[in-house]
Amino acid sequence: MNHIEHESIPKLMKGNEALAESAIRAGMQGYFGYPITPQSEILEYLTEQVPKRSKAVVLQAESEVASINMIYGAAGAGARVMTSSSSPGISLMQEGISYIACSELPCLLVNVQRGGPGLGTIQPSQGDYFQATKGGGHGDYRIVVLAPSSVQEMADFVFDGFRLAEEYRIPAMILADGALGQMMEKVHLPKEGSLPYHDHPWATTGKPVTRERNFITSLHMEPEKMEEINLHLQDKYRRLKKEERFELINTKDADIILVAFGLTARICSKAMNLANEKGLKVGVIRPITLFPFPYETIAKHATLNRIFLAVEMNAGQMVEDVRIGVNGRAPVYFRGRMGGMIPTPEDILLEVEALAEKHNLIHQSTVR
Amino acid sequence: MNHIEHESIPKLMKGNEALAESAIRAGMQGYFGYPITPQSEILEYLTEQVPKRSKAVVLQAESEVASINMIYGAAGAGARVMTSSSSPGISLMQEGISYIACSELPCLLVNVQRGGPGLGTIQPSQGDYFQATKGGGHGDYRIVVLAPSSVQEMADFVFDGFRLAEEYRIPAMILADGALGQMMEKVHLPKEGSLPYHDHPWATTGKPVTRERNFITSLHMEPEKMEEINLHLQDKYRRLKKEERFELINTKDADIILVAFGLTARICSKAMNLANEKGLKVGVIRPITLFPFPYETIAKHATLNRIFLAVEMNAGQMVEDVRIGVNGRAPVYFRGRMGGMIPTPEDILLEVEALAEKHNLIHQSTVR
Amino acid sequence: MITGTVVVATEICKGCELCIASCPQESLSLSTSINRKGYRYAQLTKNNCTGCMNCALVCPDSAITVYRQPKSAKHAAEAVKNAQTA
Amino acid sequence: MITGTVVVATEICKGCELCIASCPQESLSLSTSINRKGYRYAQLTKNNCTGCMNCALVCPDSAITVYRQPKSAKHAAEAVKNAQTA
Amino acid sequence: METNAMIDGMECVYAKPHTLTEQPTHYCPGCGHGVVHKALMEVIDELGIGENTVGVAPVGCSVFAYMYMNVDMQEAAHGRASAVATGIRRVLPDRYVFSYQGDGDLAAIGTGETIHTVNRGENILMVFINNGIYGMTGGQMAPTSLAGMITSTTPYGRDTALIGYPLKITELLAQLPGAYYVARHSVHTPNAVRKLKKAFRASFQFQKEKKGTCFIEVVSNCPSGWKMTPLEANEWMEKNMFPYYPIGDIKVPQGMK
Amino acid sequence: METNAMIDGMECVYAKPHTLTEQPTHYCPGCGHGVVHKALMEVIDELGIGENTVGVAPVGCSVFAYMYMNVDMQEAAHGRASAVATGIRRVLPDRYVFSYQGDGDLAAIGTGETIHTVNRGENILMVFINNGIYGMTGGQMAPTSLAGMITSTTPYGRDTALIGYPLKITELLAQLPGAYYVARHSVHTPNAVRKLKKAFRASFQFQKEKKGTCFIEVVSNCPSGWKMTPLEANEWMEKNMFPYYPIGDIKVPQGMK
Amino acid sequence: MVQNHEIIIAGFGGQGVLSMGQIIAYSAMKEGKEISWMPAYGPEMRGGTANCMVIVSSNRVSSPIVTTFDSGIILNQPSLDKFADKIKPGGLLLCEESTIITPCKRDDLEMLMIPATATATNMGKKQIANMILLGAFLERRPIVSLENVLKALREVLPERHHHLIPMNEEALHLGQKFAAEYVDHASV
Amino acid sequence: MVQNHEIIIAGFGGQGVLSMGQIIAYSAMKEGKEISWMPAYGPEMRGGTANCMVIVSSNRVSSPIVTTFDSGIILNQPSLDKFADKIKPGGLLLCEESTIITPCKRDDLEMLMIPATATATNMGKKQIANMILLGAFLERRPIVSLENVLKALREVLPERHHHLIPMNEEALHLGQKFAAEYVDHASV
């Protein structure tokens, strides 16, 4: 990933505010969104700050459906645009996202997840992993999915998201959760204006006589043509592999590997410490890009008598990708909390100890 | 699955019409939907037939969002209800489906898929497998997904769908495609009134003094409560395993196993015949319930020097579940057509021959 | 003149003061002490209540029950009716 | 009286007959033969066309081009302007 | 609490109706939602139709209405209460059905459902709480927020040049043939509450007669969203909301006084 | 075709404008869409604003408008054209933006976006083709289908008691302060086409002056959906559609004749 | 042994292409055969091209989609250009004469040019051309009996159109006659 | 060696519970420490309960969610009932006196009852009670210096509230005094 220039003096900010501030600094030209807990601070921050600082458009839309289609229009007109919502609102955007993905319009989507399904709770969750990574909308499309685990990353991934979106002409999503949105941490903000603009020859900005008209569409009556479009998209998704990002913690000689993304990964690393103190060799793999998912990294770690434990704030979603990566070479277990509950380090430690017991790694690792 | 009583005299019908006729015979009490190709015949057939034959409500809603929420209301009031649409329309229903799944309301959803993503084409596709089986909406929910492969099953699965929906208090979806909807075949229709009604003590029909009020909701402010709801749902999904359905064709001593659902499975069985004529030992597994997916069945067949080839009208979706089922015990390949293109038996035969070559099964099987 | 009285469910009351403002007799005022929710609550501090029910009608939390001196059982019954349907 | 003529793009025409109905001179009628799309197409069958452009205005497929006898180059130029902005 | 309790020889003339549960509300002190809930439930109690009534709660502060209203209820997705009510009413044609929605729910995300429900003349009562703001999510602008009004998403006041004027959806709906009875009320005084109850009573009568949609707007407050005390809020409401959203009947059937 | 060709000494006085592509349309014979496309594109050609114009096509029979209109265009999701146009206009404030929608698109699934776009007074031209039916999907009922009208989803005629009266969305929109110029036109005669072009011209002028939303309804035909010949269709339209959807200005700015 | 006949019928929308296929399928069903009918059309509501694949078989039809055909009934030039090569060698290719500008060059087919439209127009009912073609087809490939086709018509057509049945019958016979007397191109 | 202090601050909404936590976090950041502040609230917009977890550490904070705490600052009974058991043995438990009906029974804690509200009301500004509690906390657990807290206030408070800073300072000192002179329950 590209290097991002940061301010040297840190600020204390909520994740949602850091993300919004970072969007301004990234030169966002348009924001269209509808309020929903736990991410309304994003729209609130922008309506307060933008008028003082930039020419950008910040519009509270009448709904999420309107928001995502305004994004379609503005992105199609070549602007750097973003919308944000939380789980139920993101569900309403699925048709629009499918259109945007097919029309290859760059834009940044933010999902600050809450506990589902249905109206659920306003507490944090990771229940929208499938929706984000496999395409909750219709048809074969993917979007780049970045999973921050700190307020710092809430800010940084705005820059990464816009960059990837524009480089690959693809929607990028920051898949956060209510805790990351609401919690405050120290953050070194990215420097304003450090993200260059590219011109978009495909954008509908008015047709000069000098070129053919541009049009943005996802309609192709002949299936042959539509298949070409799909092959082109699939090829792009393959090219995206090189953007895979992940974090490895003590995985080298670990017997038990915890796989987790976002906030859960930090809770796992605490659990890891507790386990290590008890002489258990535990490591953590944190996928940072959920699409493209680092299958090879998982595969590389799937060696003899190792155990995988996927930990998520859902009923078991990313674990399916872990299984595909491990491909039978090691046992894969799952531990999840749902509906807004956050797993505690102690929760996870218990699970780890149980597994160590079961696969008798206790002795093994303690004698080492 | 339960036995369905059929008429002895067959009819020649389009898949969409057979499905609509079957809904009337299944005692459907309410239909709410919005037109979209290639399934508008369902609403058209119902508006023409129902007034003559039943007291059922048939309402053309102003949108798919309205449709799915009318379904929520009517199902919550205890009625046997159905809606139908095609890919983009189903995307708009994702929030509503998540609500219905969480509130445990029985209803039948029909997705006659077309080529995506975006507006795409009106030609057949299987591009919504992920959306249907992993939950295109937010949060951890699943719905029963039935994949018909003939006009006969378009009719039969209406009965199966309603039965499962009501038995498990879960939305059931018939995941068809444009070809199945538009093609005509011979069909023995299920007998009218052969699907019994059950009373729904949880339904909001007006609160007699004799009971506490009923309410339908998916909101639970305390995450602890919301997690309970989720655990309850997950438990239901486990219980559903016993409803798994699949079809096996010549899999017994096959070297190459084709895995396909819906119409594609029939094309595969034709390819299988062509391959067998050439002395290749090919069989077909057709998952009929896509959720619950018959993982064990796949696993049982994943034995030494066997090859799996998943064939789909998409860029590779069900194949992920095949991989999870096979779990590394055999190589899994994929062949797909996209955007409304239908694979031909010849397409698939070529693929099979190439694989046979690669894993030199040619000689092997010809000498047998 | 009919006299009446009100009973405020002090643990339900949120101290919004709407009843106080709506009382023509100025019979109500806020307590000094707080309830378990942390609110000061309404209380009858004068004994000139006529049982007009204004306070109860505007109470968002249905915390007020109103009682009235019956002229006779019959009248009282009516009173109830009027009160509810007036 | 100005005289004019029209040219119908016969492969574009779909034979909807709207032009025919809108022609004050009844100069147009449908062909007997069909075009490659399978439509009978409009054609000028009388030579009394005034170049009024009615047919062209209502043609959904912009299949009609209209020509007019210029009184003078200048007038013709005007004619064009009027035609387009009238 | 039992209504007929005697205290020193007095009789109970007013108590919480049985159509309200004992559950204390989560509403802010002085919030109009509580008053409207009570008025509606009292009418249902008085008409004795509680057993034949199904209600629909919105997503908004009144999302928990079903915890307080002691009748069968459904909690609809944000903006879809009228579609949900349509579904219920169509399959239960002999029941009374009402929906209860805030201004964000009914007039922003739910605009399409609202217009088409009324246009179909669904036989339901739609209760519309207009407090000019999104209460539940923390005081953001609503379509009904007044010009220049400061909310958490219009920190410099609603700029009509950029986001348009407050939407008088009730006046729009009154234009539709499907709308049978349309009126705007409030609950800031005892008399206002009495009038509102009259309107509810009439609406259920019309629903019984299958006359079409009855739509009752209640101009209400949001002390928290407006950052005022309840008393200040009601005063501000009279001064600022009423002029733009005048209280009174908007569409009344022939011969209804 | 080059406009200034001479045939036997005559000059070309009328030819397809450069703002239309050479692509033959997929529309049914006699369909009004083609006429409206042409009228709109001629005006853009005449005003010479093609280079500064971005259009939005709907989902409906005119979904392919971008294949015929030779300006930059976007094809919006069903019902969302006005939201898409809003997105474009907001980030390109110095461009002309128009949306083009059918009645299902604009007045059914898109109702919410339509109302709020106009309520915001977005500086765009909204062209609304009202043919009282869903053409593209095979002649289903539209919100604008006339009472008693037979469509593929109202085989016994639109029953207003069950699904309400045809929705006069244009009259509703005219009530909104954001709507600056609202008119209803048709294209069934040469003069009707001339009038429509005038309205388009005025709309672009107002848009230039940032006056707010201009909304032009065109009552049009659907020979296929109505199961008539083009000539029968236009006659039926005059006889049945015009009385319910009267042609003429609905909201005109001061001093516009 | 499995008996299978795979047919493509293609032309403009409105030429009765789809109904022709449905009648074959329906009659075959009446004869206890297995069948499938698969339509395809373009975006146009009127005009544009349309076609259907019909499979009549003694066994359950596996794939309703096939890429080559035993017979083709072609009603316009674009369809001929598209499907001419997809007819199996020795297969039957029936064309509506007036719509074909450049005929198919293949000499390994049983190829008939039937003046169906002209004849139908003379009969005073243009729409009946498809029945003439159907008659010709059944003469060369009697996969269903004419009796059953007529039964089918009676059952498929709504009462109010039954008066047209005699005319349809005449058209079928005319078509048979054409095909019977026809001197095949291939055999020239 | 890693220094870690994990605090829970809980009470009614509107008691300044969340801002108290933010001030600690902000001052700690100023001192170059690592921090996290995690809030939690109920459905109510006004009233209802609110709390925040604050972690101040010498190293990067791994999990911002913890289940046991070194210190608890409690402003109402429900919160006390909820968190009393979650304070680590030997930990600090500060309570706002007037809001506590049934105090915590544990004897393994450093427990202080501070009449913050009463005092603040006397000072004429009820809202300032949280500053008194903060002062008391810092007296017993000086994880950040008072100077930095005051700096923090200056930077966090909008200009228009700066006139309140002296009063806040006084409150902090009063709190310190209470804590300094306090005779611990545990040690009774």
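Note that the chains are named A, B, C, D, E, F, G and H in the order they appear, and that numbering of residues resets to 1 at the start of each chain.
Note that in this section a contact is a pair of C-beta atoms (placed from the backbone, for glycine too) under 8 Å apart; a residue touches a chain by one contact, two chains touch by 3 or more.
Quick caveat: nothing in here was measured; it's all calculated off a predicted structure.
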Common touching chains of subunit D and subunit A: F
From subunit A, the most remote chain by mean C-alpha position: D
Inter-chain centre distance, subunit D versus subunit F - centres from mean C-alpha coordinates, in Å: 24
Centre distance in Å when subunit A and subunit E are each reduced to the mean of their C-alpha atoms: 39
Subunit B and subunit H: spacing of chain centres that average the CA atoms, whole Å: 56
Per-residue multi-chain contacts in subunit B, two or more chains: 59, 62-63, 65, 88, 95, 99, 119, 122, 217-219, 221
Two or more partner chains touched - positions in subunit E: 27-29, 63-64, 75, 77, 108-109, 111-112, 116, 136, 138, 143, 162-163, 223
Per-residue overlap in subunit H, given as positions that touch at least 2 other chains: 42-43, 47
Subunit E partner contacts - residues on subunit C that touch it in the complex: 4-5, 7, 9, 11-12, 14-18, 21-22, 39, 51-54, 56-62, 64-70, 76, 79-80, 83-86
Subunit B partner contacts - residues on subunit A that touch it in the complex: 65, 87-88, 90-92, 94-95, 98-99, 101-103, 113, 115-123, 125, 127-128, 130-131, 134-141, 217-231, 233-234, 314-317, 320, 323-324, 326-329, 337-341
Contact set on subunit G toward subunit D in their complex: 12, 47, 76-77, 99
Touch list for subunit E against partner subunit C, complex: 1, 6-7, 9-16, 20, 24-25, 27-35, 38, 42, 46, 187-190, 193-194, 223, 229-231, 234
Footprint of subunit B on subunit F - complex, ascending: 59, 63, 75, 77-79, 104, 108-109, 111, 134, 136-138, 140-141, 143, 152-156, 162-163
